[in-house]
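By letter and in written order, the chains are A, B, C, D, E, F, G, H, I and J; residue numbering begins at 1 in each of them.
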Amino acid sequence: MLYLVHMVVDIPETVPADVAQETIAREKAYSQELQRGGEWAEIWRVVGEYANYSIFDVENHDRLHEILSGLPLYRWMTIKVTPLAKHGSSIR
Amino acid sequence: MLYLVHMVVDIPETVPADVAQETIAREKAYSQELQRGGEWAEIWRVVGEYANYSIFDVENHDRLHEILSGLPLYRWMTIKVTPLAKHGSSIR
Amino acid sequence: MLYLVHMVVDIPETVPADVAQETIAREKAYSQELQRGGEWAEIWRVVGEYANYSIFDVENHDRLHEILSGLPLYRWMTIKVTPLAKHGSSIR
Amino acid sequence: MLYLVHMVVDIPETVPADVAQETIAREKAYSQELQRGGEWAEIWRVVGEYANYSIFDVENHDRLHEILSGLPLYRWMTIKVTPLAKHGSSIR
Amino acid sequence: MLYLVHMVVDIPETVPADVAQETIAREKAYSQELQRGGEWAEIWRVVGEYANYSIFDVENHDRLHEILSGLPLYRWMTIKVTPLAKHGSSIR
Amino acid sequence: MLYLVHMVVDIPETVPADVAQETIAREKAYSQELQRGGEWAEIWRVVGEYANYSIFDVENHDRLHEILSGLPLYRWMTIKVTPLAKHGSSIR
Amino acid sequence: MLYLVHMVVDIPETVPADVAQETIAREKAYSQELQRGGEWAEIWRVVGEYANYSIFDVENHDRLHEILSGLPLYRWMTIKVTPLAKHGSSIR
Amino acid sequence: MLYLVHMVVDIPETVPADVAQETIAREKAYSQELQRGGEWAEIWRVVGEYANYSIFDVENHDRLHEILSGLPLYRWMTIKVTPLAKHGSSIR
Amino acid sequence: MLYLVHMVVDIPETVPADVAQETIAREKAYSQELQRGGEWAEIWRVVGEYANYSIFDVENHDRLHEILSGLPLYRWMTIKVTPLAKHGSSIR
Amino acid sequence: MLYLVHMVVDIPETVPADVAQETIAREKAYSQELQRGGEWAEIWRVVGEYANYSIFDVENHDRLHEILSGLPLYRWMTIKVTPLAKHGSSIR
């Protein structure tokens, strides 16, 4: 099943720079592993914002929450999930 | 270039049913032609809403506006366009 | 899978009273059939509003959209869908 | 009487990790005791968010406020309460 | 139990003036009967708006919804209900 | 003259617990004195929130601002004031 | 006492042009009479909008509501009232 | 002086097509005359919307309101005006 | 030219009390000097809020920005500027 | 291609004054270099706010994101990007 996920990152000023950098590095590795596994189908940068729109293709709600709540940057993110159905005009 | 486009359709009560149906049919054909041409890369239904999220892959802003303003349902739509850049974590 | 669904009904002034009443009657029958089938797990009235919060327990997004878009009052509704996951504190 | 309650948790960055963890543990025990007593009828995780939707079945407003204001995480929560009435289409 | 209720009235342009006036007259009688019965404890005009804030003192949610959905102007109102608990600083 | 006042309290994490408690105690005494004097006519807790709705009955705007800006918790409050007029349906 | 009042006018498409013009003319006369009487202290046009900000200097809330609800354009207006107190830095 | 102006056009369904077209044609001529005169410095289409952002360079507020309220489509527009000052980083 | 300016002050908890008091004192002096000079035409307190509505009468946008950005409390303020034109019904 | 970009700056209280000043100086140099290169076509101050509206003329989304995310003040900014198309009434 497909979900559109909007993630906004806001790392507090008080987080030490090295902690932030290390967390961002882990985030990237975590994301790429899920992309290679096919569950994180797409990730795009919102121009000018520390935010992304992503497409997830996972088995169910619980799996999506497991993935999202496991994000290294999760506690500093605001996330909004939109479930997507097949569109009647889609040629896929 | 990629754009995320959110379209909400609201056909006024006063539009005759046959006009609405005919317009919806033309919308579907219009969308599928652009999907086959590759510019309308994805279209998903937002669950429970007369709305979709779509990905467009077009040459520039003017071309996207030309496509969107040519939608048969355009005058009854509320559209929001978000430009998408490549994400540093993307494996594509 | 569970979804919280918020539905607000707004029947336009121009709809004849008998059409409205007949549609509302069909809505009730439609809802009760799905309740008996187990997919429409709960429906509550929001106090003071022509609105409800409902819990749906369906197989996937497509099935939920099929149910919601088939509501007799669908064209006069504003619907918002929230996917629900199991909560770590739940004793169920 | 039934209430839909939406709780969003936002633990400030300045709270020490052990204090946060201990409070979360107490929150879980507190919630489960009320679930077993029947007053906290349902709790669901909002996918991708540190938030839940819950159903409370309590005697009156004062009792609900007593329960909610007693939550160990209360001071770091944003809570919204919606009173629910019986719906005319409900088969319960 | 107490509830703060905010009601905004918006009578559509298409409603004939005599129907509007007759409905407003019935609304007043309906309100005053409930005020005399004690369930509609207070009603105040919001200055400059066709709106009121009211206090209801009723037995439960179902009774409040019964009262509000029975308002002659109900279909042209936007209503918001806030449940009120006893305040720890109140001297009542 | 009557005013509906909505107060939301948000004490910053950095305020020492004893300062917070002492201020809350002074707030309660301040409120009760004004209640006894008749100017703070009503105070109700919003269920589930560190907020209240109150009715003030004071001589004019300046007096209301004097009262509100003198609240011990004032600097940590978000306040919204709505002037109330007599309602044509009121039986008072 | 002083109030800042924001008025937005939206005359429905279905109002005949002569009715609209005649109402606007009466509105102007009504406003100017109150300006000459001193209760409507100021009126400014919001640039680019069919809206104004005004200052009223009236005896109490009831009088302000009487004035505003008597505006010829009242039923097509959205009005917001803000009570103003003396500012500690004012030299008046 | 410079102003950023955001205009959204929403022509009601009930306006006859020829009236709409004729008004749009007059709007274009009106806009181009002011562009040639230098007061309407820039006009850009918001991609996917019946809206524009424009820059006006006019003598004062009254002149801007005169221009905007004279737009043939004015009654069907929602307009927001933002005054612009010289920026300290500008090289102009 | 006239502008309506809305200022909301929010001094962070971390600002030492003496710095805050000294800045507030300078703010008052700054405001009164501009009031005496005629550019800060009016200042009113919003009842119950650490906010004001003011009328400025200045030569142009740049001068207004110079005044506002020079406010001693500027960095802790949220400011919104609305340009005001002459109203057709004004008797001034 | 053209983009309207709205930038709001909010430097946290905890940033040392010299760091803030040095960053602001680098921001200015960075902006002016891009202005001279033609990609940052316009920058205007929003009157009364620590914010600007800018026009960028760049080759594509990725380039715009590269520019914006490289802003020295980027981490303390809230940015909103609006893609602009040619307007049918433009004489350019």
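Please note the rule applied: a contact is a pair of C-beta atoms (placed from the backbone, for glycine too) under 8 Å apart; a residue touches a chain by one contact, two chains touch by 3 or more.
Each chain and its UniProt protein: A, B, C, D, E, F, G, H, I, J = Muconolactone Delta-isomerase.
Please read these numbers as outputs of a predicted model, since none were measured by experiment.
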Between subunit B and subunit F, the fewest steps along chains that touch one another: 3
Where subunit B and subunit I overlap in contact partners, by chain label: H, J
Same or different residue numbers at the subunit G/subunit I copy interface, by half rule: same
Centre-to-centre distance between subunit J and subunit E (centres being mean Cα positions), rounded to whole Å: 50
Subunit C-subunit E separation of Cα centroids, rounded to whole Å: 26
Rounded Å distance between subunit F and subunit H, as computed from the means of their C-alpha atoms: 45
For subunit F, residues that touch 2 or more chains besides their own: 2-3, 14, 45, 47, 61, 64-65, 81, 83-86
Pairwise chain contacts, counting only pairs that touch as defined: A-B, A-C, A-D, A-J, B-C, B-H, B-J, C-D, C-E, D-E, D-F, E-F, E-G, F-G, F-I, G-H, G-I, H-I, H-J, I-J
Residue numbers on subunit I that touch subunit H, as the complex places them: 1-3, 60-62, 64-65, 81, 83-86
Residue numbers on subunit J that touch subunit A, as the complex places them: 3, 5, 12, 14-15, 61, 64-65, 68-69, 75, 79-81
Subunit I contact footprint on subunit J (complex, rising order): 13-14, 45, 47-50
Touch list for subunit C against partner subunit D, complex: 2, 4, 27-28, 31-32, 35-36, 42-47, 52-53, 82-91
